[in-house]
């Protein structure tokens, strides 16, 4: 799938809902003409008109309906803080939908989603979009956060068949990270063998692939990196992946964001 | 008078009142410990926490009571626009009171004030402060703006004995600028011979001095320039003034803001 | 109020107008389909190509600074063969007017690249990237030496006798006008100023260098005053046109470069956050004076 | 958690801590009474003085750019006589630890200034401003030539044998480590890097240069990556301490300079908008490790 159809938009914020101490759900009016998008695609938003922060900020599409475009934004720095502080009615300049390779559909297999933090956004979009289209009848979500307060439990109430939670401090669900939870479920025989879809911090995805990748029919992950252009031009967001016998640098923004987790050359991929 | 007593403050905005399409009256809580100030002194406000605009923005004190500090801010660029858009409760970092030489009191003479645009701020402070202290029994204000809508008539209703207005388009008062108005009043014998206090654009003050300076016992003007330190350290805000026979560079922020208008070497002073 | 035509020439090459996309941020141009109408622009300077394909630098490649961007891409590119076979035709098909940016690690690679460019038969304007800070050899080491600048330019003139040869200069030098003069003496039809400034940053708990190569290239609004100074002085030092690059982030910035005497303005980093800017500048210039720079003569200073 | 003393030395001079005010923005120091507690700082580097008083440049002197500040003050100063008679004593009375910045247009003026400094009898640390971009002679032209840098440093060592001699270097050169090496060879106890970058701007309807001298010096957050790069490389090129200057606008920036290997950090432009920053940095460093830089050894790159 190509990124054809991407454009430059002004999107008005319809509502902003704090979901946790650091995360907000931002629902924008879907701009007239904004194309349909697939799970794993993203938009890149200009958080302020100022020159610092300078670049747009990329956010996975968490949902796209006929009238709305939803993002899940965690305030980690100036750009995301500005977005989280925005008030309804404010209009943001964004480009999208970006991303050349979305999550492939699971076909007949069960879809297992593993999300760390705001990695929930593309995963939630996949579950919702596929349910709407009648694919992925059976879905399992593993969702992790540092603490119960950070866990976005309310957001995932309806979209998944089975839900497992993990918190680092054990304040809700499994005590540990989402990788340990996954390992635990696999070892206890409670994990279906379907297709794994993941999104989260690099270390999480790598550990997930290395410790439980073999259990699944396939493991697709949506990657993140600091981005400038978002369209494959600047070559700023590359990840080394196996291609044939060789190591090839792919642009996460346009050759991804989704890659088979087994193809990623983690050792070579430094932060 | 020295700038002793200046300090760094956090001042909370109490209310912001738009007075004209571009001007707002900003009333801050007077920070605890903020020293008394004299007309012509100013504060320098950090308009945003961002690095662009980088510098503080200097504003003449328009009034200072036991509990409040008022500024008259015209939105001309990023800094002033941010100040005018601020909401009650927001706290601003400011230094002050700055300025080593305020308007000298008129003694027995009548005080004639000429203000262009936001040059009204120090002039209004002088009229109010002196009235409160029982000096300057007789005051005249000449106040000019581009149009009637820009004229801050409501603000000056009470502080002055006599008031004259000028607008460039003639939509209120005298048609023309405040210098032409002053010349007109002088030529028609309707201008008292007291001490002239002015503040406004450079061209205005210069023309005022050159065309009507001779009429007055003295002419003091509060000057403006782009400033960095505001305390006389960086030497960024100098104005050439006559001192004895020589031309000397004075720092507007610390050797002023008030200078005898007749001492200023306008030819040498480029913008 | 289109008073005269926006079109102009650099050497033998004609351009629709004076607004170019800078080499690098624009990639091979067509990536911006849907965001930038390339047909509206004076030129698209393509990502610097080398004779052999290059993978670019490992590790992090982008980092924001205050009003600036550090990059350490390291000239990742598809190489001359694929560029001329696939990318350039696609760009031309999209209606863009290309300027081909050429780079090399050493003299031999450079000669091969010039030969390949000549063989491609379609190159009528090149920008010689003598100034990339992000590769080990070549780039900066060539670009900082006036004699080498002249030599590289001369070779390009010979290999591509019908093409406009534009030499892109580095600001990481004591006096950039020395390099501009060398380029002019080598026969350049124009110079581009400036490429990125050298800079670096640290990050993380361990305060490690952000980039594996430590140093990277600084672009964006932060460097605009430095670029304007370079353009102003080069315009007053040489008789060939100057293409301005560095920190343009508004129509006003573009106007300043033209007022300083630049023949054209390149937009780089700004397209990342304001992809509509190049077309806004085109429109603003068209409204004014057909995109031609003001007619004031270059002067040495403000008052004489 | 004060683990060890913040105090350190440069040559014969001792400093309370590693946070200095940069020359220029700080004036003669005492102007900041009520805003900055000078007694808390490692040093106040005073506004560069020349032997004769200087009026500085006519016309506009300050101009903001994106995250930066252009200045064309032109070394306005009261001259050596009044400085040593009035300003320096006042600064010492205020409890500050001065470093005296010296500048000159030519060799003769420089010799006179060194003699006056020696005669004053109180100068135990000087910073040689070999790099001011805002004067016609001297400054940059001296500072860009390694041989002159060494010569000027040597003369200062001889004239002020008991004082710490710190040479302040210009970034407007191809390779600043060449200048640093020259300073070290001349006997400098330390170097300061960097002074302002050269830049300019245009303004007004006529797009006239903002400054009469057209070029001015760029400071502020915009130049931080360039300064950090200079400091990083000089630390790895010479064995004498490096005092960092350029764009510090946060505690984190100061930490980065120290992590890069700087012995001390100067705060310049930031005191204009955040006068509490120098003391915040002092406190932050005290809390951590007594203000000493991290103990990591300088390395060439990130990974070896």
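Letters are used for the chains, namely A, B, C and D, taken in the order the chains are written, and counting of residues starts over at 1 for each.
Quick note on the criterion: contacts are C-beta pairs under 8 Å (C-beta built on N, C-alpha and C of every residue); 3 or more make two chains touch, one makes a residue touch a chain.
Being a predicted model, the structure only gives us computed values, none of them experimental.
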(message) Using the contact definition given at the top, which chains are in touch with both chain A and chain D?
(response) B, C
(request) Please state whether B-C or B-D has more C-beta contact pairs across its interface. (result) B-D
(message) I'd like the Å distance between the centres of chain B and chain C, where a centre is the mean of that chain's Cα atoms.
(response) 47
(message) I'd like to verify one number: the distance from the centre of chain A to the centre of chain C, where each centre is the average of its C-alpha atoms, in whole angstrom.
(response) 36
(request) Take the average of all CA coordinates in chain C, do the same for chain D, and state the distance between these two points in whole angstrom. (result) 34
(request) Could you check chain A for residues that touch two or more other chains and list them? (result) 51-52
(request) Give the residues of chain C that touch two or more other chains, as numbers and ranges in rising order. (result) 66-68, 212, 221, 249
(message) So with touch defined the way it is at the top, what topology do the chains form here? Options are line, ring, star, complete, other.
(response) complete
(request) Name, in rising order, each residue of chain B that touches chain C in their complex. (result) 51-52
(message) With touch defined as at the start, can you tell me which chain C residues reach chain D in the complex?
(response) 65-68, 70, 144, 172-174, 197-202, 207-209, 211-215, 218, 221-226, 228-229, 232, 247, 249, 255-256, 259-260, 294, 301-303
(message) Taking the touch rule as given, give the residues of chain C at its contact with chain B in the complex, in rising order.
(response) 66-67, 221
(request) Report the residues of chain A in contact with chain C in the complex, numbered from low to high. (result) 4-8, 46, 51-56, 93, 95, 226-238, 240, 249, 254, 268, 270-271
(message) Considering only the defined contacts, which chain C positions touch chain A in the complex?
(response) 24-28, 31-35, 47, 55-56, 58-64, 66-69, 71, 73, 76, 212, 220-221, 249, 269, 271-276
